[in-house]
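Note that chain A is present in both complexes that follow, paired respectively with chain B and with chain C.
Up next, the complex of A and B:
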């Protein structure tokens, strides 16, 4: 934690309200995001209990698994989820624009520009918390290797038709969420705590209710009080007033409300199966329906507060102005979405269980590069974040107090003006350290020449401007700072270069396991056991 | 000065008084020990755990009930999975041990009866069974053995899920957990917790082994058994717990002896939940605590301690990392007043950095942008 964000937290304690940790919004927010609030069954892996899902804040779709250990009911839930999510994804997959991409020509080996499609927008999924992102991944994994009746007519327990496809999309979204700065799948608590500093620890910030209480407390209460009651307040039945954002439920809810309701449902089902005639069956079906409604009501009561909280959080984020580089990162998300759309249409098999060495190395390199990009772009878009970098000696801002024209020693001398900057920051500048500033959206490089002593509270640094001044002998107008200008230079680069190129998977060296070999057309499904659950 | 032989009795007597008359002691389990070792500076936790005070009851009596609880679904699944793994005389479990750890094929295995009266009796029975199994030269599965570990001067009894004795005489701790291992990997946080718990068992087993001649090897790789993917079939992975073992050993050694903490208490202190809240609260306050947000997931008393830490304005309530940044300033008010130039030594580098940070923050929030 930097000292600036530590101060923000302390100020939040003192004022009883969250303090800004950013002055711009650093994540893309879709006009029509799909919000998903899933609940899971304690102790079971990938056995959903229910979910609220949809794009309309006033009309979420409630999906419930009345007996989470029943495979057929679980498949029915997943099929319903696919019916909501896949049409939403399709609307974005259809609208594409043409774009250019650099590709290596397989015959000549040269880089050529190819015209390709790029989806004009991408679907955005928002879940309440980090655990929700992990759950999306887990659901994706649990579905993408399933076989439908069409693929394998003989196998027992076939999955409903669109379930494996939903699994592949959720896997893609879960994987993309690991790329820093991406916005295809957002965990609301993470985005909120990026933009606000609360008066509690980052561990406690993972509670959506408490986090929102600090940022936007109800009238007449302090953030601290509201957060405490969001965390702990229980009603007369011993249930949390602000249910956890999931996917895990509160044990008190499981034990006192859910378990008896599921038991009632199981009993009603057994009784219905044992009905002797039509009349009795009708009565018992009514019993079963009532029991199912009971569970639906319970699931809705635990997800609806979180659903409303997620939309409140989205409102708060929308009120912040979007950072200048957010659109650039969202374009990368659109590429990612388009790429997966193309793989699905091309009939490629689902993502494998384990990445091969080259894919894994590429993924790691991407994450590192995107992390550096995100850090640089957030600082450039936001003076408050830049302040943190300045405090850390990674950037400095100040006033230009002198400009002396100078030229390079080459045969065709180019302008290399010397600029003296007075700053109160303490950058870690060494001899010929490169520094960068924003000039018309592009980085301009300079190098540190010498330190010229103190002037008042500030230090004087002489920099030599190196580029972006045009081809002529005289620098282009506006390309060199003038006396009296306020400038901000960073010691980090603004744009990230791609890393070294990796070999094709077929060329993987033996040190890394050798070529992955023929990938089977479609990976084997998970073995089906007598019962999934215990 | 009391004779050494009565010292132990005297301590037990003292701890029973602290717990309150007619309150049975709450036994320490490996999970509590691992949590205790993660915050060795907390005297409050060390004393309460050492004295066998039920912290959950205490927290409720103080008006800040803990939020720990287990869903009956998770509980049922955990039990059913463990039963399944150990079914048929542990055949499946031994197959997994053999698969991951090597050795001759486990065609036959002994599963000795470890039943005895009381934890001391079961501990003695376990030690005997371990010795016999080591000498037997075959596979032996000890189902829920009982081990004792000395913690800050009082004994804790621990019950691992299973211990397997190899034909070569080596011992392996088996931890059975119901979280899934999907494609060979499980939630790192849960694996970490299981490893810390197993490290405590390994330490206790090493004490038993040290009393045998020749001392058998206690393997530093434990076997973690989990459901495979989305099924209920068991799969296993060997987890190296050397790091957790040395951390736990060091932290347990650092725990101030409970006797010393008890000696510093004013006379007449008692933690019985029947006492009125004000008296109880004063008793708890008389033992210093070291609250950090990590306590919330590990200690029943955390909400109480957090409330007190917040009342005091302690900066650690916001995270341990914060503390390191702020040097000698430990309360919210002192940090903020130093940052705003109202107090503090301007020559102190921590104060200087704070003031610069406050200035930059003010400028960024109100002043002109910087590019």
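Up next, the complex of A and C:
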């Protein structure tokens, strides 16, 4: 934990309210996000119990699996989910603009500009918590290798149409969520705790109810009290007043309410199957329907509070102004979305179970680059985050108190002005440490020359400006700080260099096992439970 | 490397470090030059002559008419290798491939007649040996791969970095220290844990997962660590691949001309001079990372080391060598701690002492090291602070003595925080774990404890 976040958490404890950790919103928020609140069944991985899903906060769609162990009912649930999610995705897949992209020409090997389509906006999926993101990934994995009756008429357990496609999209979203700063799939607790520091541990921050209680406690209570009651308060039936955001449910709910309801449903189903005549069947169907409604009501009662909490969290975030670089990162998300849209349209097979060596290395390199980019951009967009970096000695702000013109030693001398900055920050500057500041949206580099002692409460640092001053002998107007200017330099770079190009997967070297070989269209199902293709 | 033969290799019970090391080196060179396998892996404990081996292998390959590329991890390592190569054989044509940044290499290379530097691989074509960093090699394209490569510090190289350069060579000698810090990624990489080519694993892990039959060798003797340190480091960090020190108990000595003033720093310096280890224990307290008292204590120890006119006696020279600032280093876990120590040293008028994090001290060697214990003053013990390699680096940089500055209460802290890292299927569990290694080192250090209330 950085010093500034420790301080913010202490202040939160003292004041009883979460303290701002950012003054801008650093994640993109769609005007029409699709919120998904899934619940899972205890004891079986990837067996959904139900979900609330939709784009309208007042009219979520309730999906329920009355008997989660029944694979047919599970498929019906997934088909319904596909009916909600895929049309939402389709509306964004259709609207595209033209854009340019650098590609390597396969014949000449040169980098050339190619005109391609870029979707004007992308669908955004919001789940309550990190566990929800993992669940989206799990659902994706359980669906994308399924075969529909159309694809494989002979195979047993065919999936409903569009379910494999939903699996591929959820897989893509789950994978994209691992890229730092991406916003295609957001876990609300993560976004909220990026922007507010509470007086509890970061582990406790993963409880959406408790987190919101700290950020926005009900009138007359402190955040600590409200968070405690969100975590522990139970009603007269022993049920949590603020149900966990899922996908896991509270054991007390499972044992006392859900299990009897499912048992009632199972009994009703058996009785219906054993009905001897039409009249009896009608009666027993009514029983079954009533039992199913009972389960639906239970699932809704556990998901609706979370659903409302998610929208409340979105409201809180919307009140913050968007950070300057957020749109830039959202464009990358749009590229990611467009790329997957094109792969689906081109009829490519689903994402493989495991990445090959080259894909894994490329993904890791991308994510490391995005992480560094995110950290730099958040600091540049937000004085409060920059304050944290300054406190950590990774940046400093101050006033220019002297500028002396100087030139480089080369044959054609270029300007290398020496700028003296007075700052009360304590940056970790060493000999020739490079520092950067923003100049017209681009980073300008300087290097640390010497320390010139204290002046009042501030230290004097001499910097040599190195670039962005034009090609002439005299620096361009405005490209060198002037006496009296307030400047902020960072010790970290603002932009990330691209890494080296890795070999193509077919060229994987012997140290990494050689080329991965042919990709099978769909891997074999689990040998024990053949209806599972995980 | 000077060696004295004090026994015959065949005599049971008598360990002859020189002969043991020669035998290991010969076997490595035989496999490298004449073996049928595409790769040879050499594990080297701290200060076991890894660089000497790399230089020797490069010279032998070159003299056999087999040009080679050498891959190191940092520019400092590359420059150091080039300097050593030129020192051993000034006539050998060596290429130093460098980046196009300003000041990409050590200016000392410009004075060497047969070393050519360039940012373009094509300009170095035809030279016997070309040396560069893995990051730079990754941008090089060749029509015909090199027949040979040497990969230095291969345990600190990430698997994805090897993937980027492995197409450049046909066969390679991989040399490194498995006990030092593992490479790391700044983002999570659990999704690939257990895959043989996990991009965040070390290059050697991936190499051996795919080529399990490659010959693996081990250098058995540490020439850096004194007889007082080798058993501890070997037991704590290399329990299954033990090594010995090349020198005996009486071969190294540290003396101070100025007598002790009786203060904590002086007492711990005397203890370390006598036994090779010293623990300066400050009162128990939870502190921020840059604990001002501990940082000041580190600086004071360094100041006193210099003030007391130390002299180091070793097998390197017949006369004692003065203990100067460039022979002392301070090691910390975090960069802000290093910065704080640097500032404290400046306040005491000390400027030329190296202060760095464990990551940056890897591969370096000093007479005396002063270490700020990674767990000092912490309320918790995270995986970062428990990492075996971090402690191993900090405890194995010295030729004479190592002084650790720490707050009391770390053993209790360790007991409160047993390792709880999730176990991943398909990942080899590393032994020893950091928790155990920390306990082993602390129990040894506690015998050299000097308690002090600054």
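Here, the second predicted complex is superposed on the first by the 521 of 534 C-alpha atoms of A that agree within 3 Å, B and C clash if a C-alpha of one lies under 4 Å from a C-alpha of the other, contacts with A are read in each partner's own complex, and residues count from 1 in each chain.
As a convention for this text, a residue touches a chain if its C-beta (ideal position, glycine included) is under 8 Å from a C-beta of that chain, and two chains touch if they have at least 3 such contacts.
All of these numbers come straight from a predicted model, not from anything done at the bench.
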**Report entry** Partner chain in contact with A:354 - chain B first, chain C second, else both or neither
**Finding:** both
Query raised in the report: In the superposed arrangement, does A:178 touch chain B (first), chain C (second), both or neither?
Result: second
Requested in this report: Kindly classify A:213 by the partners it touches after superposition: chain B alone (first), chain C alone (second), both, or neither?
Outcome: neither
Report task. For A:44, decide between first (touching chain B), second (touching chain C), both and neither. Result -> first
Query raised in the report: Regarding the shared-chain residue A:63, is it in contact with chain B (first), chain C (second), both, or neither?
Result: neither
Report task. Applying the touch criterion given at the start, work out whether A:438 contacts chain B, chain C, both or neither, answering first, second, both or neither. Result -> first
Report task. Answer with first, second, both or neither: which of chain B and chain C does A:503 touch in the superposed model? Result -> second
Requested in this report: Could you say whether A:8 touches chain B, chain C, both of them, or neither, answering first, second, both or neither?
Outcome: first
Report summary line: Comparing chain B and chain C in the superposed model, the one touching more of chain A is B
Requested in this report: State whether A:224 touches chain B only (first), chain C only (second), both chains, or neither.
Outcome: first
Query raised in the report: Can you pull the chain A residues that chain B and chain C both touch?
Result: 3, 354
Query raised in the report: Any idea which chain A residues touch chain C in the complex?
Result: 3, 178, 180, 354-358, 360-361, 363-365, 367-368, 370-372, 392-393, 426, 428, 432, 499-500, 502-503, 507-514
Report summary line: Contacts from chain C onto chain A in the complex sit at residues 38-39, 103, 135, 138-139, 159-160, 162-164, 166-167, 185-189, 191-192, 195-200, 203, 206-207, 209-211, 288, 335-336, 339, 343
Requested in this report: Note which residues of chain B are touching chain A in the complex, please.
Outcome: 67, 69-78, 80-81, 84, 178-180, 182-184, 227, 229-233, 293-294, 296-297, 303, 310, 313, 315, 317-319, 321-322, 325-326, 332-333, 335-336, 339, 353-354, 356-358, 360-361, 363-365, 367-371
**Report entry** Residues on chain A engaged by chain B in the complex (per definition of touch)
**Finding:** 1-4, 6-11, 13-14, 20, 23, 41-46, 138, 141-142, 199-204, 224, 232, 249-252, 254-255, 259, 353-354, 380, 383-384, 386-388, 390-391, 397, 437-438, 486-488, 526-527, 529, 531-534
